[in-house]
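As written, the chains take the letters A, B, C, D and E, and residue 1 is the first residue of each chain.
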Amino acid sequence: MKMVKVVGSVTSTVKDSSLEGFKLLFVQSVDLELKGKKEYFIAVDTVGLGEDEIALMVTGSTAKRTEITSGRTVDGTLVAKVERIDLK
Amino acid sequence: MKMVKVVGSVTSTVKDSSLEGFKLLFVQSVDLELKGKKEYFIAVDTVGLGEDEIALMVTGSTAKRTEITSGRTVDGTLVAKVERIDLK
Amino acid sequence: MKMVKVVGSVTSTVKDSSLEGFKLLFVQSVDLELKGKKEYFIAVDTVGLGEDEIALMVTGSTAKRTEITSGRTVDGTLVAKVERIDLK
Amino acid sequence: MKMVKVVGSVTSTVKDSSLEGFKLLFVQSVDLELKGKKEYFIAVDTVGLGEDEIALMVTGSTAKRTEITSGRTVDGTLVAKVERIDLK
Amino acid sequence: MKMVKVVGSVTSTVKDSSLEGFKLLFVQSVDLELKGKKEYFIAVDTVGLGEDEIALMVTGSTAKRTEITSGRTVDGTLVAKVERIDLK
């Protein structure tokens, strides 16, 4: 999984019907110190995230493996809210 | 999904038969401020996009999960037109 | 799909038997102006490409979705010859 | 597989139910000399790794191919502890 | 496929049982002139490669499509030894 930060959201009305009802969040990859990298994705939120929160994103075919995204045209899904990071 | 901008189109007559009938758009990855990055893809349009419009692209096996691209030799599909971006 | 330029070919006799009979082309990713990037792949040609020609390459599991590559150990396939690019 | 170093761990209570019970490790890609690169992932540990240990990580759909991760919403799994590296 | 050079090997005794019996090679991506890039992978050897030899590596789910790696937790497999490269 990639660790990402929620930086915004995206609105789309003209879209594949399988995307109806999803909240599409704008996320940015972060490094060890939670500093943003120049990698951005749009991902479906399945855990109720707010802005600036840190999340784990699954990509590829795995993104369709949650109950909510099963069978949908989705390749990026936020599956966990990160509450604590322990570095050595 | 990746957020991309439509920058052109591509014409091909010599191609895999499963690509017949598709509009192949030339798209460029964009960052938070919609500035173009040096990442380009050719993607199938399923939502009717025009030049300079911003879209969401799914890649990999997910690109074959729309009604239009099912069973086709496609690994990049535009599935949503982005109408609004809200940054924190 | 990625847009690539054919820059050469590769010969291999010691290989997985499912690769028998394929022409393996050496391709390079190109940008908007068809300038080569520092990304190289070896891909199976299914449309009859010559050197310096521009092609569309599918990667990942999609590369096994053409009639020719079905069931083969292939993760990069050239599926279209690009004849014209229209930029805005 | 990618060679990675364990640099920490991540705690999440709000998450997809299929992630329950997994130890989520924070890993960093390493190069030939085991120097850390600026690539970070969160991966499920299936072999009992400690901090600073070197491991092999499988990604994508392969990450769901261990007994422990089968059917789970996981796209990064640590499948081997690296005990020795022999360079030419 | 990616073109890679064999630069070493890796030993692991604590690992997923499906990796038993495989020779795990340390490989490095190479460019057009066979110069090493800063991209390293660990891949299963299915064709009998020696150090410094050039090989083709398949990644992702394709890596499980050889007879030897079928059903194994593998996402990088060397499927061909490169004997000759012809550049234009």
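In this text, a residue touches a chain if its C-beta (ideal position, glycine included) is under 8 Å from a C-beta of that chain, and two chains touch if they have at least 3 such contacts.
From a predicted model like this one, the values you see are computed outputs, not experimental measurements.
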Task: Fit chain C to chain D on CA atoms, both being copies of the same sequence, and give the resulting rotation angle in degrees, nearest 5.
output: 145
Euclidean distance of C-alpha centroids - chain A vs chain C, Å: 32
Message: Report the inter-centroid distance (CA atoms only) between chain C and chain E in whole Å.
response: 19
Set of chain A residues in contact with two or more other chains: 60-61
- prompt: What topology does the chain touch graph have (line, ring, star, complete, other)?
  reply: ring
Query: Starting at chain A, then chain B, how do the chains run round the ring?
result: A, B, C, E, D
- prompt: Contact residues on chain D for chain A in the complex?
  reply: 6-16, 18-19, 24, 26, 28, 38, 40-43, 51-52, 60-61, 63-64, 71-76
Field: chain B-touching residues of chain C, taken from the complex the two chains share
entry: 1-3, 31-32, 37, 46-48, 56, 58-62, 65-66, 77, 79-88
